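Alright, structures below, take your time with them.
Shared chain: chain A. Partners: chain B in the first complex, chain C in the second.
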Partner chain A sequence: MDITFKQVDYTYQADSPMATLGLRDINLHFKSGTYNAIIGQTGSGKSTLLQHLNALLIPTKGEVVIGQQVVTPQTKNKELYDLRRKVGLVFQFPESQLFEETVLKDVAFAPKNFGKSVAEADEIARRALRLVGIAPELEDKMPFDLSGGQMRRVAIAGVLAMEPEVLVLDEPTAGLDPVGREEMMTLFAKIQSERNLTVILVTHQMDDVVRYAEQVVVMEQGRVLKTGQPQEIFADIPWLHQHNLELPSTGRLVQQLQQQGFQFSQVPLTVPELLAQLTPQLKQVVTYE
Partner chain B sequence: MVPIIQVKDLTYTYQNSKVPALQNVSLTIEPGQWIAIVGHNGSGKSTLAQMLNGLIAPQSGEVYIDGELLTEESVWAIRRKIGIVFQSPDNQFVGATVADDVAFGMENNGVPRAEMIPRVQAALAQVGMTAYADHEPARLSGGQKQRVALAGVLAQRPQVIILDEATSMLDPQGRHDVVSLMTSLRKTGQFTIISITHDIDEAALADQVILMDNGKVITSGTPAEIFAQGEMLQQHGLTVPLSEKVRQGLLQAGVKVADHYLDEEQLVKNLWTLHSNK
Partner chain C sequence: MNKLIFGRYYPGNSFVHRLDPRLKLILNILFIVLIFFAQHWPSYVILGAVVVVSVWASGIYLSFFLRGLRPMLWLILFTVGLQLFFTSGQHVYWQWGWLSLSREGLINAGYIAARFLLIIFMSTLLTLTTQPLEIADGLEYLISPLRVIKFPVNEVALMLSIALRFVPKLMDETTKIMNAQRARGVDFNNGSLLKRAKALLPLLIPLMMSSIDIASDLTTAMISRGYRDGEGRTRYRILKWQMRDSWVLGAFVVISTGMLVLERMM
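== the complex of A and B ==
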């Protein structure tokens, strides 16, 4: 599903003295089937923007077009039922929303709720659980007996069980170990390509942005500061510093290398790119063909 | 010197579990050290941390804190010596204000009121949160919450501070703030710091790194000793620091880079000596 924001403003507690700016003049396009990343400091409006994608929040001004559905300040809640099925939102720390007494019941909840029989819902839930790497023996456990990482997977399986067309991920790997993070990111990439989903990811992990995102949106104080491909966004190190944005992990090393006197034509964003630019500047061990 | 922490042959299996969460763990930690415990999720790190301050009692084995055996009788005194900051910034607040919250642990330990107020102030100053004393904890950012949690621990004047993935849910700024706070606490020399972390850059700051997997201590050593063993780290579900990835890549490309682990600064220096225009 294509998603378009047209001049969207969002104000928290509008019409009250407590009114706070959430979003201001957002114009964006997420192309169907693409992988998008949203970056920016805490408080910059990332989560507020995400909540517009399945109309948990409705714009104060402007409109959001999601597939066929147009959401404006006038849109009524009952018009949004279909949209909410099609857009799966994985919140920050999704494990805090587990509530059923077993893992399987928790994941089967959404499909049951959307009218599947118990047997069908369980089947969908099992598929989703296998997809996120939860073994059958854990299905009858209480979610709270699992480790944090396992609970996170169960919560994500719960969203996948809705079989959404758009997957919205709000810092989905925060708190996971490196391998867990890697597995989770690989999993999202796999689901994205297999089911041709539109993915919108909020993250502070710039290495993941570089690796997966086709389009990057940079937020600052409720506005879109810049959009572009990772190469465009991360090309300008002083600009990134100026806006308190992290570099991909290679960035810090590259800066030290530059200060020492090494030359880079463009900022390498991954280890292989770094090696490709660095090796020719170093004395090689002689090798014979 | 009496070790601040000595653990002998600890084993523990959770009630509803078949596999032990800890198996024959033995450790000795000298006072004033910064220890990083690394290991993938489920390797037993939090179980060990909770055993050190008696939140969980061992099924076999012994824990000595500052030379004293941890028992049902000694657990209360020992808990005053060991403070833990947990992973989630949200679930550890009880007070209506930041100051109340910092005071809470002392109230529990029967510290007289007159003494509590200056201790709260000192602890908040130490973590740079004085201006927030009357704020509601719920309205703070993640990094600020963890600093308040740390102030609650500091106010109890512990000898050991355990941070159980305390930075893992923070944004880069929050993480940076907490890590620089840990660095300044270390400089006082008053604390033994145990940081359970997945952040390899944070682990690199430690004097000793302990690697756990499957409820066992796999190995321990200085960061340089541990990070040089890239294959082993990967086997146990961890990654190596960037400088090590680059060093390995250059070795494979036939560059005569140093044959041991280097941190980023050392690597840059080492590479400069290999620059082709020299």
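== the complex of A and C ==
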């Protein structure tokens, strides 16, 4: 589903003097079937933006168009049921939403809410659990008896079980160990290409951004600062420093190599790109000696 | 969740905000006692005026209080309804079985509604203008005489301040979990009463789990920083009684004496 933001403002507690700015003049387009990343400092409005994607928050001004559904400040809650099914939102630390007696029941919760029969829902839930790498033995355990990493997987399975067309992920790997993080990111990429999902990912891991994202959105203080492909966003190193954004790890390495006299025509963002530019220069060094 | 303003502090620096929390607590208690002495309408005019002036002096919009009333609305309507139809009296306007609408019933219902409004406004004003920690400090001060009978004043005060401190945190947590479950298709606002009650389960269980987590983290943090008990601890925040506190207390004493005298004469 295509998603478009048109001049969206959002204010928290809008009708009270405690009003705080959430979003200001957001204009964005997420193309159907693409992988998008949103980056920016804590408090820049990333989570607020995400909650507009399935209308948990409704813009104070402007409109959000998600597929066929137009969400404006006047939209009523009842009209949004269908939208919620099509957009799966994985919140920050989603393990805090687990509540059922068993892992399986918890994952089957959303499909049941969206009208599937118990048998169908269980079937979908089993598939979702296999997908995130939870073994059948764990299905009948209490979710609270699992390890933190397993709880995270179960919670994510709970959203995948809605079989959404858009997958929205709010820092899904925060607090996971490196192996778990890698597995999780690979999983999202796999589902994205298999089901042709639109993915919108909020993350602080710039390596994941350059590796997976086709479009990057940079946010600062409730506004969109810049949008573009990773190459465009990470090309301007002084600009990144100015806005307190990190470079991907290859970028950091390249900076140090440049100080040693190596030349790069454009900043390589991934390891293969780096190798492509570095190997010829290293060969030269070797031949000189 | 933000509609439930009871227990939410409203930042500000008005005259009411700056009053001593002990004074605000005492006045709240005295005000409630006073309400129960009010039997005639002039007293309600006086009490109403006190509330109006206090709300005005706090600089907080009236709409903010009215929104806070909403969760209490059903309780108020229920009690008023009881008074309205179950008070027996001489001037009966309408009767049906053991239900009757009499002049006494009408008057009683009016008074009950007025009492509810007055008490809710005053206590909401207290929590809106006083930070939770100030309230806890004030309470600790007020119950400290109980130390004589070996009442664990410090511990109870600590429990209170911790509980109050975590009210906003738990409310934010509630919003977060509600959103997560709404994203999974839970509808908290529509459907039959049974359906809505069932919808609470996915909210309450995670909330309980996270409360337990918060509590155990806090315990660890306190123990590792060497907390034993409150005996003989010095204070970081010290309450200071000001001239304006004495003035407000004086004014309140004068007004309440006036009201009580008026009540006696009628």
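Operating definition for what follows: the second predicted complex is superposed on the first by the 282 of 289 C-alpha atoms of A that agree within 3 Å, B and C clash if a C-alpha of one lies under 4 Å from a C-alpha of the other, contacts with A are read in each partner's own complex, and residues count from 1 in each chain.
As a working rule, contacts are C-beta pairs under 8 Å (C-beta built on N, C-alpha and C of every residue); 3 or more make two chains touch, one makes a residue touch a chain.
As the structure is a prediction and not an experimental result, all values here were calculated from the model.
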Taking chain A as the common reference for superposition, should the pair chain B and chain C be classed as clashing or as fitting?
-> clash
Touching A:V70 in the superposition: chain B (first), chain C (second), both, neither?
-> neither
For A:Q256, is the partner it touches chain B (first), chain C (second), both, or none of the two (neither)?
-> first
Could you look at A:L138 and tell me whether it touches chain B, chain C, both or neither (first, second, both, neither)?
-> neither
Mind working out whether A:L225 is in touch with chain B, chain C, both or neither, as first, second, both or neither?
-> neither
Quick one: classify A:F99 as touching chain B (first), chain C (second), both or neither.
-> second
Looking at chain A, does chain B or chain C touch a larger number of its residues?
-> B
Between chain B (first) and chain C (second), which, if any, makes contact with A:T42: first, second, both or neither?
-> first
Considering only touches as defined above, state whether A:L187 meets chain B (first), chain C (second), both or neither.
-> neither
When the two structures are overlaid on chain A, which partner does A:A14 contact: first (chain B), second (chain C), both, or neither?
-> neither
Considering only touches as defined above, state whether A:Q284 meets chain B (first), chain C (second), both or neither.
-> first
Once the structures are lined up on chain A, find the stretch of chain C hitting chain B; candidates are 117-125, 225-233 or 243-251.
-> 225-233
Chain B/chain C common contact set on chain A = none
Touch list for chain C against partner chain A, complex | 2, 10-11, 61, 63-64, 173, 176-177, 179-187, 189-190, 201-202, 205-206, 209-210
Using the touch definition up top, name the residues of chain A that touch chain B in the complex.
-> 41-43, 93, 145, 147-150, 174-180, 204, 244, 246, 249-250, 252-253, 256-257, 260-262, 271-272, 274-275, 278-285, 287
Where on chain B is chain A touching in the complex?
-> 16, 39-42, 87-88, 141-142, 165, 168-169, 171-174, 198, 200, 237-239, 242-243, 245-246, 249-250, 253-256, 264-265, 267-269, 271-272, 274-276, 278
In the complex of these two chains, what residues of chain A are touching chain C?
-> 13, 15-18, 51, 54, 56, 77-78, 81, 84-85, 88-89, 91, 94, 96-99, 109-110, 113-114, 144, 158-159, 162
